[in-house]
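Each of the two complexes below includes subunit A, the first together with subunit B, the second together with subunit C.
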Partner chain A sequence: MERFEITLDARPAGAARRSTLCGVVASGNLEVLVELGQDPAACTVEVSTSADGFRDIWEAVLADFAERHPAGGLRISINDAGATPAVVSLRLAQAFEDSAGGAA
Partner chain B sequence: MSAKRVSYFEASARARVAALVDPGSFTEFCPPAQRRTSPHLAQLDAPVAFDDGVVVGAATVDGKPVLIAAQEGQFNGGAVGEVHGAKIRGLLERAARERPAAVLLLVDSGGVRLHEANAGLIAISEIMRALMAAQAAGVPVFALVGGACGAFGGMGIVTRLCDEVIMSEEGRLGLSGPEVIETVKGVGEFDSRDRSLVWRVTGGKLRRGLGEATRLVDDDASAFRAAAVAALTHHRNAPADLASLKAAQAALTERRATHPDTRDGLEVWRTLGLAQPEAVPMLASDEFNRQLDALATEV
Partner chain C sequence: MTASQQWNTLQQGRTRRLERAAALAQGKRVEADQVVALLEAIIEPGDRICIEGNNQKQADFLARAMVQTDPARVRELHLVQSVLSLPEHVDIIERGQVSRIDFSFAGPQSGRLARLVESGRITIGAIHTYLELFGRYFVDLTPQVSLVAAQMADRQGNLYTGPNTEDTPAIVEATAFKGGIVIAQVNEIVDTLPRVDIPADWVDFTVQAPTPHYVEPLFTRDPALITETQVLTAMIAIKGLYAEYGITRLNHGIGFDTAAIELLLPTYATELGLKGKICTHWALNPHPTLIPAIEAGFVQSVHSFGSEVGMEKYVAARPDIFFIGADGSMRSNRAFCQAAGHYACDLFIGSTLQIDLHGNSSTATRGRIAGFGGAPNMGADARGRRHASPAWLKAGREGRGDIAMPRGQKLVAQVVETFREHMAPAFVERLDAWDLAEAAGMDLPPVMIYSEDLTHIITEEGIAHLVRCRSPEEREQAIRGVAGYTPVGMGRDKRAVENLRDRGIVQRPEDLGIDPRLATRDLLAARNVKDLVHASGGLYDPPKKFRNW
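== the complex of A and B ==
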């Protein structure tokens, strides 16, 4: 297992966001927990992954996510069981979209 | 009916809960943000899940208050670890206090999480005790079985303690799983790669035919919901007192005599008197239920 935390500069998420969980910790899959953080101009991401030695790729995928989505003010936590970068990107996008879903 | 069919088999635990309960009625206990993850998995340096593979909470179904637990089969095969088990046990203890209309257990589990060994075994026995305490307090417990992991090991026993067992053909119920039996007794005893045989021996139709499952539904989340709604209105009661336990024991003895040395569901269909035993596996649940009910009324 490898664990690390990254703080990304990100545009403020703005509109009301809610805590959400997407995905399942299963082989080749991951879960993404979205919560509200402190700094509206930053997105913190805590990664716990079963695949050691891929931090560079994680940083690239997460930077890409922060560029595509106004994720500022969000605190993201990930439990990963060896998902590919494409799956990680899709799951992050899904969690981001889901976190905007209504006031519930 | 405009909504797209949602496969219960393929749905995640959270999607199953969402499809079963009244929209917007679900409140989760110990939600993922609380990070109640498994200390055992962490010690083994294995991936953890924020909900430890089970979703528990309160909701309404058809307007009636229920407590609900859903196991996530994709996380370690839905296996019961210490935290996972404590969440289910706590839910059942809450049921004994709060007396909801029912507890729904969405079982999808191979049994005890072997990484957690004794803690998982103890958790299972605690679940069983709490389940019976809830029943003793007058709260019926319904098991819903239709996921890829089925209901095996300790969760197979827990399922059989329930008042109602709602299954799809795809769901499976047993004690030792097919791979375990093959490993211990050899492929001649049970070929776990013969998927057709596996389902004929453990699948929902056989369990319904033998009376272990009380309702058989298609692999459709809305069909599971409809069955749960029906069970909330009228349900079977699991044997509770000595007399009913003895009656259940006698029925099992009689079943053994009715189906001696049976090795395949096909033999059970034949003995029960179904016209085309070999066609049973492909029957839609409605047609299967109709044929089974017709036999029951003939007798």
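== the complex of A and C ==
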């Protein structure tokens, strides 16, 4: 079990964001909670993962997420049960979309 | 020519063996409790023996009888068989009765086999492809004695091998026409066979086994276990590869990645207007996951290596699609289907465990000597091919560039998620196959698909059109470009990969107009085994282990 928090520079997500929960905590999957944070120019991500020793990969996945999505002002919590980066990226994209309240 | 030259020693050997066995049989018929004595009477030290068993049906009763023979009499054997899959295939080696093996695939016995090789207790001639091994049956590895499996025999010794004919014709033909002895275990002996698959005069003995021969349902993939990532790679394959090249003739591997493609044909591919334009003709076992595509009218023809447990009734009810005898049941043939996969298909697509920076791929891992079975024959460009098709010509133009003599090229694709379970990267600097070759003293590292044959890699990051690369450096960056967050992927030159994207060599999902968020299991035409049964109109009868309702 490993826990850490990363703060990333990100373009502001803008108003009209809402809290959302996406995914499930099951083997090879994960749960992503999106809430509103304080700083509109930063995205904070708190990761709890069942697999130790992959912090470098998490940082790379999350940096790409922050680069591709205007996630500034969001506070994201991740409960990971050993998901691969492919699943992490997919859930983050889905949760980000859900937090805007719109369709894809 | 010398007067003393004997030209019929094989025939004399055969007669000698049959004389020793005569008292143990009534004509060709042998009782089950006489089989061990029969094997001891027939087999001579140093014989090449084939115990039939591919990854599907097994001559399991005869394999069990082999390990009960007296090691003082039945010894120094050279096993020449497709697959070492039953424990008995390796037990007989451990009992010291075998000195050499030539084979294709060792699946479940791969760990035990590796230990025997490393301790010097067995020598491996080579790990072949199926066609290679069948080829050598007719050149320098002809069996002296073959133990085969059939569903039924009649009283004359004709055999009905039915849907699971598989390797039997190749084995029996080589053995019977070069002075060898063929012994067949059968599930039942009947007065009249549905049809004759192997004629009686190629068969020396038949024995009714106490239990029906085992058949492994190796090609059944439960749609419930298909992941969203596999749905995404299936979407990329359909749009970025199948539609791009107009692939109509193909073979699929047995993994979940390709099962996902099969289940997206009636949904995603149909929405893209691809029905009738792709995936019409197949060299493929009767995969249950192909049922929805067949029912949707996507598929025109399927020839099979073997059958699949539970698919018999469904297949028999679709004679326009499958190869069905006048008796109404399917006949498979591994040798012909492998030849079809090699020469008559434009695409092979399958999965692997490791891909290196050149694009060599292998499922070999440390401590396991597994082999590859059918993939290397189908996943290799058929250099001798002479007939053209649009997909083959397009790949040839891309791969060979402006050469004076027009040639096509086979499309060979590997689908992998960048990380396998337990975060094992699918992309590596060096294949484990090298360590394995070193430890086992092999001449060649066991590579499944060679770099020069691989034209495409598909991952959740996108598709790499390796066939379009102009240099080894470009090829390496294209591979790194779809390797995601693996160390190989992180080591990419970002500018070089962006340049490859601009040239359509690396395509991300968004470059293909695919939104990864739409890659959900809702796109699967069947989401569980029960859906497959429904799609088949109740004709598909899945094995118990796949029934959870």
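The rule is short, and it goes like this: the second predicted complex is superposed on the first by the 100 of 104 C-alpha atoms of A that agree within 3 Å, B and C clash if a C-alpha of one lies under 4 Å from a C-alpha of the other, contacts with A are read in each partner's own complex, and residues count from 1 in each chain.
Simple rule for what comes next: a contact is a pair of C-beta atoms (placed from the backbone, for glycine too) under 8 Å apart; a residue touches a chain by one contact, two chains touch by 3 or more.
Just so it is clear, the model here is predicted, and its values are computed rather than measured.
Peer 1: After lining up the shared chain so the two structures overlap, which partner does A:I57 touch, if you call subunit B first and subunit C second: first, second, both or neither?
Peer 2: A:I57 sits against subunit C, while subunit B stays out of touch.
Peer 1: Applying the document's definition of touch, where does A:E97 land relative to subunit B and subunit C: first, second, both, or neither?
Peer 2: Once the two structures are laid over each other on A, A:E97 reaches subunit C alone.
Peer 1: Touch test for A:N79: subunit B only (first), subunit C only (second), both, or neither?
Peer 2: first
Peer 1: What is the contact status of A:L33 with respect to subunit B (first) and subunit C (second): first, second, both, or neither?
Peer 2: In the superposition, A:L33 contacts subunit B only.
Peer 1: Does subunit B (first) or subunit C (second) touch A:V24, or do both, or does neither?
Peer 2: First partner only, subunit B.
Peer 1: Classify the contacts of A:M1 with the two partner chains as first (subunit B alone), second (subunit C alone), both, or neither.
Peer 2: The first partner, subunit B, only.
Peer 1: In the superposed arrangement, what residues of subunit A touch both subunit B and subunit C?
Peer 2: 104
Peer 1: Using the touch rule from the top, collect the residues of subunit A that touch subunit C in their complex.
Peer 2: Touching subunit C from subunit A are residues 28, 51, 54, 57, 60-61, 82, 84-87, 89-90, 93-94, 97, 104.
Peer 1: Quick one: which bits of subunit A touch subunit B in the complex? Just the residue numbers, please.
Peer 2: 1, 19, 21, 24-26, 29, 31, 33, 35, 48-50, 77, 79-81, 104
Peer 1: Show which residues of subunit B lie in contact with subunit A when the two form their complex.
Peer 2: For subunit B paired with subunit A, touching residues are 12, 14, 24, 31-33, 35, 45-51, 53, 72, 74-75.
Peer 1: Can you list the subunit C residues touching subunit A in their complex?
Peer 2: 227-229, 232, 417-419, 421-423, 459-461, 484-485, 490, 515-519
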